[in-house]
Every structure is written in C-alpha cells, then in structure tokens.
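Consider the two complexes below, in which chain A is the common component and chain B and chain C are the respective partners.
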Partner chain A sequence: MMHRELRNHIIGLLNADIRLDGRKLTEYRKPIEVEYGVVKTAEGSARVKIGETDVIVGVKLDVGEPYPDTPDEGTIIVGAELLPLSNPEFELGPPGIQAIELARVVDRGIRESKALDFKKLCITPSEKIWMVIIDICPINDAGNLFDAASLAALAALKDTKYPAFDGEKIDYKAKTDKKLGLEKMPIAVTVIKIGSKFIVDPDIEEEKAIDARLTVSSIEDGTLCAMQKGGDFPLSIEDIDKMLDIGIEKAKELRKYL
Partner chain B sequence: MSKIIAKDKEIAVPGETLAKGMEVLPGIGTCRDGENIMANRLGLVMIEGRTIKLIPLSGRYIPKTGDTIICKVVDVSFNGWRLDTNSAYSAMLSMKDATSDFIARGANLTQYYDLGDYVVCKIVNVTSQKLIDVTMKGPGLRKLKGGRIIEVNPHKVPRIIGKQGSMVVMIKDATRCNIVVGQNGLIWIDGEPLNELLAIQTIRKIERESHLSGLTDKIKEFLEKNGGKLTG
Partner chain C sequence: MAYKQRIDGRGFDETRPIEAKVGVIQRADGSAMFKIGNTWAYAAVYGPRNLHPKFLQDPQRGILRCNYNMMPFSSSGERVRPGGSRRSKEISLVTEKALLPVLDLEEFPNSVVDVFIELPQTEAGSRCAGICAASMALADAGLNMKDLVCAVSLGRVDDKLLIDLDYSEESYKDGPVADIPIAMMPNSSKVTLLQMDGEISKEELMELLEKSRKVLMDIYEVQKRALKEKYHEVEV
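Our next item is the complex of A and B:
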C-alpha cells in the first residue's frame, strides 16, 4: 500500500477523536456555500463549495424521443468531467472510472428518489419528451466530490426553468417562468470507514487512506433511496447500519443549505 | 550612464524594468534585455552593490546544491531510487549514497526505501540540465516514519526556520512535536494530535504573515495563547 504511513497516522488521530485538520469525526468542512444561476447559458446551474472543494453543475434541457419501453416518460442524462485543473491527478481524455462513478452516483440519487417526475417531462407520448442533461464540472477537488456534486446537481435542478418551446424548435434565449419542479430532495452523504472509525467529508489526504466508503442518498423524511459502496475493504451489516444512520443524520444538516 | 530604477525591497512584477545601463549586473530572478535589466518573476528587489536580484514571493522550489529537502520515493530502479522533490525535476538517490549497510547483489531495494516513503536527504549536485543527485549520508538524514507531511510555500521556509533555527525550535518546544523542515517546502510533523494541529496552525500563520516585522514575538504570543507551554 502506497499510503500506509499516512493511514496509520490518521488512525492514530481518529482514535483520539480528531481528524487531520482538527475536525470532529462527523463534521463537514466549513463554509458550505450554494450559489444559484452561475452559468447564464444553462437552463439551471449551481456552484457548491464545501471547504476548498468547488463544483459547478449545469442543467440543459433538450427535446428528444422517449425510450420505447417508457413512451410517456422523460429522461435524465448525467455526465461528469474531471478537469485536470481541479486535481493534478486527473487527465484529459475520455471519462475514467472515477468520472463515470461520480456521474452514476449523482444520477442514481436523483433517479431512484423520484426527485423528478419523469411523466411530467413528457410532451407527446411516444414522440417528444424533455431530456434533462446534467453536467458536473469540478473546479477544485479537495476531497468529497460525491457529496458536493450531488448537492450541486440538486441545487441546479432546483434553479432550472424551461426554455421557450413552440412544438418544433427550442428558443434557448427565451426562458419561461416554468420551473422544472422537484418532488423530492435527495441528499448524498459519503461515509468513510478508516480502521474501525467512521467519518464524513474526507479531505484529499483522508481519501487516499480510506478502507471503504458508502455514499448514502436519502430524502427529507429519512427514506433511503440509493447507495454506492467503494474502497477495497468489505463492510459488515453492522458497519452499514452505522453508516446509514450517520448518512441520514448528516443529510438533514446539508439540506439546510439548499 | 547606468541608472537603477527600482527601489530596494520594493515589489517587482515580471517584465518590469529594474535598471538601465551595462554597469548594473542582473542577479537571480532578473535578466538582461539589451541595456535594461528586467524582472523575471514576482518578488522583492534587493540591490547589492552593482547587482540587482529578486527574492521570489511565489513559485515552485528550485533545487540548489547543499539544500536539505524532504522527498517522496516514486520509483525503485536496479541501482537506486527516484525521488519526487516537490519541484519540476526529480532526484536520483544512488545505492552508494543511500545507506552505509552492505547491499547484496540483486537485493530487494524496497526493504530500504519503498514506494511512497518520505526521506530527508541532501542535494549534493544539480547539473545544468537540472539532474539532481541526493545523499542520505549525513546528520539527520533518514527515512521518515509516522507523522504527517504538510506543504508550504518554499520561499517562506527561511522564515519558518528563523535565524539559526530559532522559530522552528520555538514551535518544537511549545508543541513537543518532532518537526523536520525541508527547503523544498515540505514539512514533516509528528506529535500528539492536538499539539500537531497547533504546530500546523503556527506554521500556516508564519506563512501568511512572513512579510511582517516582529513575527517572532507574535508567534511566541500565539503559541502561549493557544495552550502551548514554552520552556525557558
């Protein structure tokens, strides 16, 4: 293992209930900021900062054909591009495993929570639907892109307004007042296991030393809607129970920033 | 007739004309452009007799012979180790400079230094092509076990060390941490969790306020206020 010295050191600190930067185990970095409408050319956008981590998400709306199996439902497409400007370890080119995972975790949170009513995105069944395209752009990766990106994606969706559509062409320059409308607010919280301790909001150094991580998406009433496990080590059922409790608890805190 | 335009200890920006005429000599961080001497980078102007030099305020570390630096092992080859020096150039630690132990032919070199390990080493030579040779033979040069590494602006390192090491000794005494400061801007700290944090906060404060006068007193006050017990 490349980072065993760092990992041992972090575990030593965690046993004294303190993190590398002096935070408590389940404390987010401060400040957490959400800024709406940062991209003028997008139908909806948001910029989220958690500590030094900085993510911009833009939402575009397009009209397309529905999938044959769901003729009366619109769809969402989530893409993430990890720009080299945000972290020296990222490289240009087709999306790698990290970018794909980030996009899928954000996608799953929104899709499985039914945050968007796909039926409302239908214009003419079997013919025309709205496609919601969500693009994630990390500006600075100082750790915990998952939580920042899903918070930003949600904020951007909240900000989204339909462009003018006459049945044939979309006029992107003329925005209507009609909002996309969110039914639910799924918030993702990534809980990390290092040694026998659980932490949230890892910074870049802690991310190198993780044993396992579990991204937990939950809605307002604490209902669980999506999970994603990562890291090399296995998790026991007790571990997952504890991580879910932390994830749902912390989501309540993050939801206040929206 | 030569004329020095810039004032001593003033901030210069890249491209700024510092002096005119051939009698003035360009020092580190400056270059000659025809009759003029121009600044290469952002820094403080220092006028020493006929020479004008710039003390950089920012930028990466530039390797220099004799510097003690903290490096990370990035490659193990058949005759030594390649180290990341936190600058644009990597360093080579050859087997004969690595240890005084006998290394048998074909031995597994990772038992001495493995990938990802941090070492304190000294630069013995920097060629014009910026090939760096380092040695591990000397007082205090060793592999770093435990602790953590933080990164600071390498140009603030002299302030963090202080005159004859006064500043770093003060932090060490107050926080009871082991601290090794590398000239390349990497600092290794090992101690009790809270003391370690105090040491890092102090170093960050020095980095932020390095240009202010009376820094030593301020840092002493900061350490006393934040629970560090100064000895003596």
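Our next item is the complex of A and C:
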C-alpha cells in the first residue's frame, strides 16, 4: 500500500489540475509507439509503448474443435502473464487475479465489439475452427497496462496472417498472405477517479492512489462495447457520465496510432 | 553428403548477427537485451532485495535466483504453454550456476538477487542468449562482479565443427550433430556452463573448446560496448 502522504500530495496537485509528472489530467504519456511484427515466430505481433510502459502481444493460431453451441464459429483465447521481469511487485507463479482481470478485459473488448468475425474463423462447421490465441507479455510495467495491452492486442491482430493449413496439419513455417482482418477497432481507455478528479493513463504512483477506475472500450462511432469498473470506491451516475465521455473521446486519439 | 556450406552463408566460425543493449527495462535495478540472429532475450535484475519467506534466507550470504521463460509465442511451432516446463526449470538452474561464480554474494546476507530472463522469440541458442543478457543486466544493476559471463553454442554438423548453431543445423538429418552450449568468464577463461547433446569425439570437442575462446571474446566486446553505451549520452 502507498503512503497516505503521497496520496494526499497527488490529490492536492490534482485539485490544481496538475499531475506528479506535469501532465494534464486527461493527457497520455508520450511517446506512444506501436510497432508491428516484432516477433517473427508469432503469426502476428505488436509492441506498444506508452511512456515507459512497454508491452509485447503475440498471436498464435491453432486449429481446434468448435463449441457445441456455436458450431460455425472460431474463437479467441486471451492470456496475460504479469512477468516478474516487468515490475518488482510481480511474482513467479500461475496468473493471479490481476493477470486474469487484465486478460478478460482485453478479451471482452475484442469479443464484444465483434472486431473479429468468428464465422470467418470456421474451417468445417462442427469440426474444425481457427483458435486465435493472444498472449500479453509486459516488458516494463510503468502503469496503465490495461490500455497498453488492449492497444497492443488489437495491433497484433491487425498484423496476423494465417499459417498454411492443408486440412490436417498446420505448417507454421509457411505463412500465407491471408490476413485475419479486423471488422472493428475497439479501443480501451481506463479512466481513473482520485478524490473528485478524473485522469487517464495513470503512472505507477497514481495507480496506487486510485479510488475507482472504469475501463471503457469503444469502437469508431463511439458505440461502447465493454466496460469494467475497478477500485474500492463506488461511482455516482454523474461520475460514470463524465468517465464515459473521457473514455470515448480519448479512444479516438489512441486509434490514430494504429 | 558432407555439410559443405552453412545454410545462411555464414563462415563456420562465425556467429549470427548480434545486437545488445542495457537499461531497457526502467523498473528493474538492471536490465539488458541480447539478440543473436532470430533468438531474442531480455533479462531483468531485481535486488539485492529482501527474501521471503524468511526461512530461505542465508545469514552468511545472499542468494541468486534465476528464472528462464519462453513467451508463449516465442517458438516457430505451436504455442508454448505458459507456466514453465521441466526444460525451462533445468535451464534456470544451469543459468544460475553459470552466473554464480562472478558474483560476490557475501556482501548481501539474508538477501536475494533475482534474475528474470524472458524470450520473446527463439531460434536455437536461447539459454546462451539468456546468460549473455543476464550477465549484462547484473553489471547494469551495479553489482560487484569478478567478470562478465559470455555464452555461445558450439557444435558439430556432419564432418564440420561450427559456432552458434541455428535451428536448421540443430535438426540436421543427413549426418551426426552435436550441440554444446558453453559459458565462460572471459578474463580467466574459466567455464561456468557446459552441456552437450549429440555425438562428438573428445579430440573434436577439445578443438571446439579452443576455437570458442575467440568468439567468446568477441561477444565479451559486444557486451562491454553495450554497457558503456548507456553512459555515452550523459557525457555530452
């Protein structure tokens, strides 16, 4: 837990509309960088940096059986590992609740926006489908993994090409030119409430001082596709109203980096 | 048919292209990136820091903990299941033993130095790349070290002795193959890691070990240059 003094200091600054590192309240750290195809062994990959936060997402494709209730649809699987390499507080071991939440928030943004047409991932109904496996690996966690990982996941999907498949076996060495193809561009923006103020893109210290957060995923026309509230404190309807406006507005800005 | 020419056109004593950089992970106490061909390793050092649970602490000296991990998308075949395997545990162990001789852990009783090695992309030689990155990260963390540690894989493909096998050479089918990862402290020429898979005569092995010195010294130069580069910008 953080020192009360630091939290009070952050709130004091925010009340004067200043942040610890001098940013405006709804300003992302700079630079924001999106690099495609960084991992040649993956079918698709991207590396996103927001300030010092640095995340690599890789996509592997595999062939599996469809779920019985959706026999003509492929599927996505999102995994996140909070690598102890990326943050002194992360520990080795199976994914904890933090990692699971991160993976599920990224998953829902992609799934619920219908960014991927699952029907196009069907190879033979009731028999064979493509499974799109998205793995999130932070290299340096300097705050706001939610937004960085969501952006990197979408960029990695945009980069993904099918490997050769002869109906029986995948030849991972023989990549095709056929892209996975994205139907929508869902962008996640996590809006943070500290005291009575709202900010985006928290750094490590601000993350420890949050009262509540709301991750808002929206597509190009501003339609919402997924949300996740976190933090120990409740939000009023008015708070949510303001946070959604910020989330939708900032998503437009982030989308330009793709 | 003899192995006449390396598939990627390299000389038999030549490594794949190497890139190295330190200070790449800001939250770590020390960090480095080491890339050799398509094999790409990151290492982060945290510590010396408190060791929990307490019964693991050694009042005489600090302990070193290494963890080697391949990212799920780092293999050119199927996805690697996260969470580690028997292979990754063994590599973590031999990596720890490869690095231990250069550290003076008596300085930090009851503490731990954690080394996390992550591979975003692999194509043969990943434990050696991890060790190269880790030794640079330890130096970047400012720990007292007797030397760096340099590592490379030596090998034999058919009738040829060579340095830094790639995937196609490791899986060569038309003749015998040997894959020999080695790590060395360059200043004392002492070996801190030695493993082997395959078949080779003792004479050939000794010839390879002799050859390895030059290439390991070249890697040492790359590591030193990367460590110095971090401070280059500050000079101006």
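Going forward, the second predicted complex is superposed on the first by the 256 of 258 C-alpha atoms of A that agree within 3 Å, B and C clash if a C-alpha of one lies under 4 Å from a C-alpha of the other, contacts with A are read in each partner's own complex, and residues count from 1 in each chain.
Basically, a contact is a pair of C-beta atoms (placed from the backbone, for glycine too) under 8 Å apart; a residue touches a chain by one contact, two chains touch by 3 or more.
These numbers were taken from a predicted model, which means no experiment stands behind them.
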Contacts of A:Pro186 with chain B and chain C, given as first, second, both or neither | neither
First (chain B), second (chain C), both or neither touched by A:Leu83 | second
Chain B versus chain C as contact partner of A:Pro66, first or second or both or neither = neither
Of the two partners chain B and chain C, more of chain A gets touched by chain C
Tell me which partner A:Ala16 touches in the superposition: chain B (first), chain C (second), both or neither.
-> first
Does chain B (first) or chain C (second) touch A:Pro202, or do both, or does neither?
-> neither
So, does A:Gly74 touch the first partner chain B, the second partner chain C, both, or neither?
-> neither
Chain B partner contacts - residues on chain A that touch it in the complex | 1-6, 8-9, 12-13, 16, 18, 20-22, 205
Using the touch rule from the top, collect the residues of chain A that touch chain C in their complex.
-> 38-42, 45, 52, 54, 56, 58-60, 62, 79, 81, 83-88, 92, 94-95, 133, 135, 137, 139-142, 172-173, 204
In the complex of these two chains, what residues of chain B are touching chain A?
-> 115-118, 144-148, 193-194, 196-197
Where on chain C does chain A make contact in their complex?
-> 24-28, 38, 40, 42-44, 46, 49, 67, 69, 71-79, 82-83, 114, 116-118, 120-123
